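Letters A, B, C and D mark the chains in the order given here, with residues in each chain numbered from 1 onward.
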Amino acid sequence: MCVRVQADPFDFGAECDAFASGRHHVGAVVTFCGIVRDDGGLQAMEIEHYPAMTAPAIEAMVAEARTRWSLADALVIHRHGRLTPGERIMMVATAAPHRADAFAAADFLMDYLKSRAPFWKKEITTAGAHWVEARSEDETALARWSDETARR
Amino acid sequence: MCVRVQADPFDFGAECDAFASGRHHVGAVVTFCGIVRDDGGLQAMEIEHYPAMTAPAIEAMVAEARTRWSLADALVIHRHGRLTPGERIMMVATAAPHRADAFAAADFLMDYLKSRAPFWKKEITTAGAHWVEARSEDETALARWSDETARR
Amino acid sequence: MTLNVVYFAWVRERIGVAQERIDTDAATVAALVDELRAREDRYALAFEDLSALRVAVDQQLTDFDAPIAGAREVAFFPPMTGG
Amino acid sequence: MTLNVVYFAWVRERIGVAQERIDTDAATVAALVDELRAREDRYALAFEDLSALRVAVDQQLTDFDAPIAGAREVAFFPPMTGG
């Protein structure tokens, strides 16, 4: 289990390789990488976070995922600060004996990170700067894990 | 789009890095890596395939995934021949503007590769050799994409 | 009691500071918000629509009815946009 | 007509060859299977339980009722175990 919150870039390929290495009791590794997407006119993305809360909140999400699925390991890396289009914002990796668990846990962690980890994105575009608004689709995605919602 | 069927090992980290590189209109990359799992006593896994059918069958699965989700790119690498515990058997990668599409397409491709791509695994254990039997869970997983099943 | 009150994203921008020490006897987050609103317009503006805000007490997400007795830090921010 | 008939996994092991040329007038996969079963015990054994087998005609998965007129290759194998 590893959670890293950092301003520096991370090496997605090296992280994937290291995460999948030396595993004999794991059949499945799933990784996700989030990339700053240029929908036109985006110059930069500024990501603010809540340092005292961020890592503990993500660690709680990972702990919750471990109670729900049979996981051998999980990794979350999330950047903050200023990023430009094409840069990698964050990644999640999960390792499990079976693929269904690895997929579900990665999907779950992404939904929680998106809407419950204390990050806020500001887009700097040629037309000005604005805070990214939360999307209703993201709350809908979270609601899929409704047992969890009920338990909280 | 890229489908590779090969006896040689592949470099999972390098493939993940290359797949996620140079993308400005993609927000999400999902990768999956299948690893030879040692459930006790496994010495080697021998994977047989149907050379004339394998790549075209996988390409058809990728084409089907592209009709179902908004994908920017997809990659499938699958090895055949003799592998030992801890070795990487195969990988899938999907890139999409949004994470839900990348996750669903990777999950879909895994379910189809598991039960519809012409590979057969033989486990060589300390107790002898046997062909791996298809699991009913894998057919159940496939049935989740039931529109597709109905269309075929 | 004295609380550390922290603000993020556009809440921080509207209030004009990232954090401040606040002396309060408020029993709940909502009572604290009422006190802040009464201070100055910039607070009234930031807390205009509570449905657009989220709150954490001692780094735990909670809601505006939550008690704050014994708390050390209260954070106000818009819905998160991580990932 | 002459077909290329190919076998994989334990079907190949039971029949003892990976592929062979077969002269047949069978109209369907099922009719071809009946001809093969009648040849020798190793075929009868391999084709004992068709529910445990899958078939592809010209590299397309199909079922045992499928016609084979004009086909060049028929493949028999157990359910796939890729991934």
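By our rule, a residue touches a chain if its C-beta (ideal position, glycine included) is under 8 Å from a C-beta of that chain, and two chains touch if they have at least 3 such contacts.
Predicted, not measured: the structure shown is a model, and the values here were computed from it.
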item: Chain at maximum distance from chain A, centres defined as averaged CA atoms; value: D
item: Separation of mean Cα positions, chain B and chain A [Å, integer]; value: 23
item: Distance from the mean Cα position of chain D to that of chain A, given in whole angstrom; value: 48
item: Residue numbers of chain D (touch at least two other chains); value: 83
item: Residue list for chain A, restricted to those that touch at least two other chains; value: 34, 99, 110, 114
item: Interchain pairs in contact, sorted by label; value: A-B, A-C, B-D
item: Chain A - residues contacting chain C, complex; value: 34, 48-50, 52-53, 56-57, 78, 89-90, 110, 113-122, 131-134
item: Chain A residues within the chain B interface of the complex; value: 11-18, 20, 22-39, 85-86, 88, 97, 99-100, 102-103, 106-107, 110, 114, 137, 141
item: Chain D residues within the chain B interface of the complex; value: 6, 8-10, 12, 56, 59, 61, 73, 75, 77-83
